[in-house]
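In the two assemblies presented below, subunit A is common to both, partnered first by subunit B and then by subunit C.
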Partner chain A sequence: MVVLDIETEDGQREALRRMLTIRAFDTKAADLFSDGELPGFVHLYVGEEAVGVGACSALESDDYITSTHRGHGHCIAKGLDPDLMMAELFGKANGYCNGKGGSMHIADVDAGMLGANGIVGAGPPLATGAALTSHLKGEDTVALAFFGDGAVAQGQVHEAINLAATWDLPAVFLVENNQYGEATPVEKQHNVQNLSETAEAYNIPGFTVDGMDITAVYEAVKEARKRAADGEGPTFIEAETYRYHGHFEGDQQPYRTEEDVAIWKDRDAIESFKRRLVDAGTITGAEFDEMKAEIDQQIEDAVGKAKDAAYPDPSEAYEDMFNAAVPEISDFSSGMRADGGEDR
Partner chain B sequence: MSTETSSGTGPDRTKEMTIREAIRLALREELERDDDVFVMGEDVGAFGGVYEVTGDLVEQFGEERVRDTPISEAGFMGAAVGAAATGTRPVVEIMFSDFIGVCSEQIINQMAKNRYMFGGKTEMPVTVRTTEGGGSGAASQHSGTIHTWFAHFPGVMAVAPATPASAKGLLKSAIRSDDPVIVFENKQIYEQKGEVPLDDDFTIPIGTASVEREGEDVTVVATQRMVGESLELAEELAGQTSVEVIDLRSLYPMDTDTLVESVKKTGRLVIADESPLSYGTHAEVATRVMENAFYSLDAPIQRVGVADVHIPFSPALEEEVLPHGSDVEAAINRIV
Partner chain C sequence: MTTAIGLVVNPAAGRDIRRLTGGASVSNNYAKRRTAGCVLAGLTLVDDVDVLVMPDSTGLADRIVDDAPDDLGVEFVDMTVTASGRDSRAAAAHFADHADAVVVLGGDGTTRDVAQTIGDVPVVSISTGTNNVVPTPVDGTVAGAAAGLVGSGAVPAAEATTRHGTVEVDVVRSEETTVIRGLATVGVLDRPFVGTRAILDPSDIVGGVVSRSSPAEIGLSGIAGGLVTHRPDDPGGVGFRLSRDGESGATAPATRVKAITVPGNLSTVDVAEHRVLDDGEDYAFEVDRGVISVDGEREHEVRDGTVRLRPVSDGPRLVDVESVLERAADEGRFRLG
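Presenting the complex of A and B:
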């Protein structure tokens, strides 16, 4: 895997590649959903790419992240394979979760991705737990929780931060303030100007950074990671960003205007990062176009492979509940229910 | 059960101790055996646990591994899930099972579902210990018997010890399991004594019931406190009615075979469990017996539990609602 180190030119190109991959992946997911090709719900990360990629570029490869219902971007930023993600979106056997999780539950624990999560606010306690493992085992790993502005109103988020702060655990709490908790604007959900003010309650550092600027996110997380790894406890970072799509695909978005969206699109994170890299000579316009075309093709290929892949065998529905076999499930799946009990 | 005493030798050596001591012994042995095991909960450290179960463990293992938490069940339950997914084996104490209401999100939507949702690509070796049961005058928010919720909910194993030996053996199996297990400890029987195997590797497999007393006329399938009271009753009735008493021990998975085999022999079944009667543990036992031993039944199945009310405060009211051996006796008299 290419190392994502934004302080090198290779790393900057890799960061740009991952941002473009997220956008291509989720733009394609939107098309597939509107064409009725994807089951379930999808929540897309388009517009927020600088947060996921900026944060993951400040992490070490064996660090842990927890994610949200809007998790595709975090997966790609952490280095997960778009082919296996797309297969999961289609519910195919070769997807990350063998088709059992779908868009909202993509996970790769071995890669440090502890799961997208359908419950708003459930990720931070898991990150506190991963940080507790690191602390107890004397490891160098750090756990970063991505969560949304909406989750800041959830009690368990505050409990997770309080635990990590009280125990000086190596955790980073990163709020992606995309301005809306589902369909309700952030100012109607919270009584603070900046969500990072939350940090004061836990006596930990809190910062609000421009989430449309990958470098700003990277630098904040880099510093937070260092504090965490040095045993100085967690940091609370708010990244101000924007989702270009609705809360879910199909959301009619009566809560905002096209003008509102346009203001943020003018500050597009990919466009501004690309401009900076071109100005610095890190990448040429032609190389950028080539990279984008290559990624678009990669995502097209991922869709093709996902469509061609096999669905899980129906019997797989009865696998993976437990490590140990339980007769309640194995008897059912082996047809005992259909045949009745032994006396029938 | 072995009746050897602590003066015996070898792997079969046993010692008489209380359920509380047996649980503490299991925790101590597993903390010694595996550095990845740690205990976490409210006042489990220097205070020793509200029911003095963790006792002096903090002195041997330190504050890192016998970890006091804030009063923050959702936070530390979630932290246990995250810790288990990343390589440790947390043993969480939820002081009263009623408090599980505060942290059920992390149990229901994370601990119970992650392995399945991730296609089996994570383990979830979390053990949750919690207390159940009325009889302390503690009123409705500190007296509930809620184990049916989690025996019902897919993705969680649920066990409920009734004797010191099963308290040790089930807890050790729970801690060694790579699956989430909730251990429901009835708080009224912590002082109950019995012989406990001292072997470090003594475990009781989750999913096994135990025939505690053999009989011919009626089967009583009981849990927790009701096991001891049913055994006392069986002794009193000996000579007139031969009562077989089974300790269910494992609520999920359930040892259907042992229950069915017994009812095929006796033809009669009483189910005694302190949880509310509707949609409950009783119903699950009854259904399994009906599905597998219907033609062996000579009489309607009887349920002994709590009517669908909460546990009230006043001793007069609490005593009214809690099931006892006398209720089991009345149930037996209805069908034998």
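Presenting the complex of A and C:
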């Protein structure tokens, strides 16, 4: 991963590029899904780009993140390759999980991305585990868990935070409060008004930041990372944000109105950051348009490459799934190879 | 005649990053809800009160209304909720025409937002934010009682309020001027962006103008207060410029000042220059790259601009809670026989 220094002009342009890449990737994924070209479900990150990019900008390259079912943005923010992500969405062999994970399981351990996850609230325990590993090995890496407002009501999330807090582990818990847990508004899910109040139960700092402002998220995570790396334990950050798309593609969204969405689009993270950079002279309007066109083409190319790529061989259907050999799977794979595999 | 009291409870106040970077205390929304409940109870000191409550997106206002005493008429202001400072300004604009007094639960930022549009309506400001200068940590019941007494006219507003000063700012960049208004303090910081809004590092402070100063206050007004005391209702204000990296930038040597810049942080700063300013007198900074802070929060990014600050005596009318209640007691309003 290329580390962004968002305090420099180059870093700010790169942060803008990553936010635009996320939006282009997920906007394309929506089109592909509605055209029936993608298998499985997709949950899109459009609107929340400042959280992922702001947070990852504050991390070091060998730090870890855990993700959610809405993970494309986290992947791109951490520096993963959109070509290999798109291949994974299409179920192709050159995807990050050899085409067997799909949208909700993209992972790249070498890049510090410990996986998107279809189970709500499954990321924080993984982050606590990664933080414990770092602590036991005496490393200086930090693990950051992205999770949603719905996950805050899940038991394992609290177990993870409690353990990390009790053991002063180098973890950061970042809840992306996008205002809805599936179809339920956040105020109907939780008895606290700010989810960051949850931190008080664990005797760790908790605070809320504007998740539509990449610089606010960056600063918050930077301070939390420093605290974690200094051995002072985890921090709980709530980033208030909004997803422009439904919970999943195809969601009819009866739980909100167009006016609700418009209020948040009025504070769009990409548009406001672009405006600030243009005002500061960091980028011109023409350079922004050029960057956007370049990214749109990059994503179109990723789709083309993904479509042209091969599916995994059926004989490998059960490979890459278990750490230890499973005799029944070995037998199955041998049989498939002997048969020459299924005709696709 | 019915007395109309406006109520602004900012669910975001007291939740920012200073809980991590400084010693700021947590102000959770359960505490705000309880305080708001106390305000409503205090308002029952006077008869025939209607309360207009600012709605929010968190459910906090819903709970406050649900918990309200039966003998108060309580309803929401009809407004669009944006989950930002715009809500406090919109509610205050409504109260300017429809309320006899307003109670604000929040910090300096919330009080400033209300002050922008509240006009002459008396304001009782209760601290639930971070290292506040303007709002006071007063019991909600006491504050509610005072608001009721002033709003109903039982204690004349003219005798129970003071006019707080403000700081007006022109940010001039080539062909355009942006106007900003602060309540107690406006600062110029050497930071690249607004970010988490809080002033994280005192060494970022370049200078500023305050409409009040006292060593008992935290932040920019505390720095100026180490040199000169300026009451909130005194005309004018204080401008100062810090010496950075050992350079005074002025003809006189820097004055070293101890000040509480954020909770838990007693800093030493070198003041290159300070000046008591008349009402409307400009104090300017040339800024290559920086941020304007308003009432303790970074608000506006500046690149290659001139920042002109001036104190202006046209702020909100703040209710002196203690003197209101003492005046009411002197007039026998607490005696039943």
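What we mean here is this: the second predicted complex is superposed on the first by the 326 of 344 C-alpha atoms of A that agree within 3 Å, B and C clash if a C-alpha of one lies under 4 Å from a C-alpha of the other, contacts with A are read in each partner's own complex, and residues count from 1 in each chain.
Throughout what follows, a residue touches a chain if its C-beta (ideal position, glycine included) is under 8 Å from a C-beta of that chain, and two chains touch if they have at least 3 such contacts.
What you see is a predicted model, and the numbers here were worked out from it, not measured in a lab.
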{"item": "Fit-or-clash call for subunit B and subunit C when the two complexes are aligned on subunit A", "value": "fit"}
{"item": "Subunit B versus subunit C as contact partner of A:S196, first or second or both or neither", "value": "second"}
{"item": "Touching partner for A:H105 - first (subunit B), second (subunit C), both, neither", "value": "first"}
{"item": "Partner chain in contact with A:I119 - subunit B first, subunit C second, else both or neither", "value": "first"}
{"item": "Most subunit A residues touched (candidates subunit B, subunit C)", "value": "B"}
{"item": "First, second, both or neither for A:I270, with subunit B first and subunit C second", "value": "neither"}
{"item": "Contacts of A:Y96 with subunit B and subunit C, given as first, second, both or neither", "value": "first"}
{"item": "After the two structures are overlaid on chain A, angle v-u-w for subunit B, subunit A, subunit C in degrees (C-alpha centres, nearest 10)", "value": "120"}
{"item": "Which superposed partner A:T128 touches (first subunit B, second subunit C, both, neither)", "value": "first"}
{"item": "Partner chain in contact with A:A302 - subunit B first, subunit C second, else both or neither", "value": "neither"}
{"item": "Touched partner set for A:P205, first subunit B, second subunit C, both or neither", "value": "second"}
{"item": "Lowest inter-chain C-alpha distance for subunit C and subunit B in the superposed arrangement, angstrom", "value": "25"}
{"item": "Subunit A residues contacted in one complex by subunit B, in the other by subunit C", "value": "none"}
{"item": "Subunit A-facing residues of subunit C, complex", "value": "11-12, 15-21, 26, 28-30, 57-60, 62, 80-84, 192-197, 200, 289, 301, 303-304"}
{"item": "Subunit B-touching residues of subunit A, taken from the complex the two chains share", "value": "64, 66, 95-101, 105, 107-110, 114-115, 117-119, 122, 124-134, 136-137, 143, 155-156, 159-160, 162-163, 166, 319-324, 326-328, 340-344"}
{"item": "Subunit A residues touching subunit C - in the complex, by the definition given at the top", "value": "7, 179, 187-188, 192-194, 196-197, 200, 205-209, 213, 215-216, 218-220, 223-224, 227, 235, 240, 259, 263, 267, 276, 279-281"}
{"item": "Residues of subunit B defined as touching subunit A within the complex", "value": "36, 38, 64-65, 69-70, 72, 74-88, 90, 105-106, 109-110, 114-123, 154-155, 157, 177-179, 206-207, 252-254, 256, 291-296"}
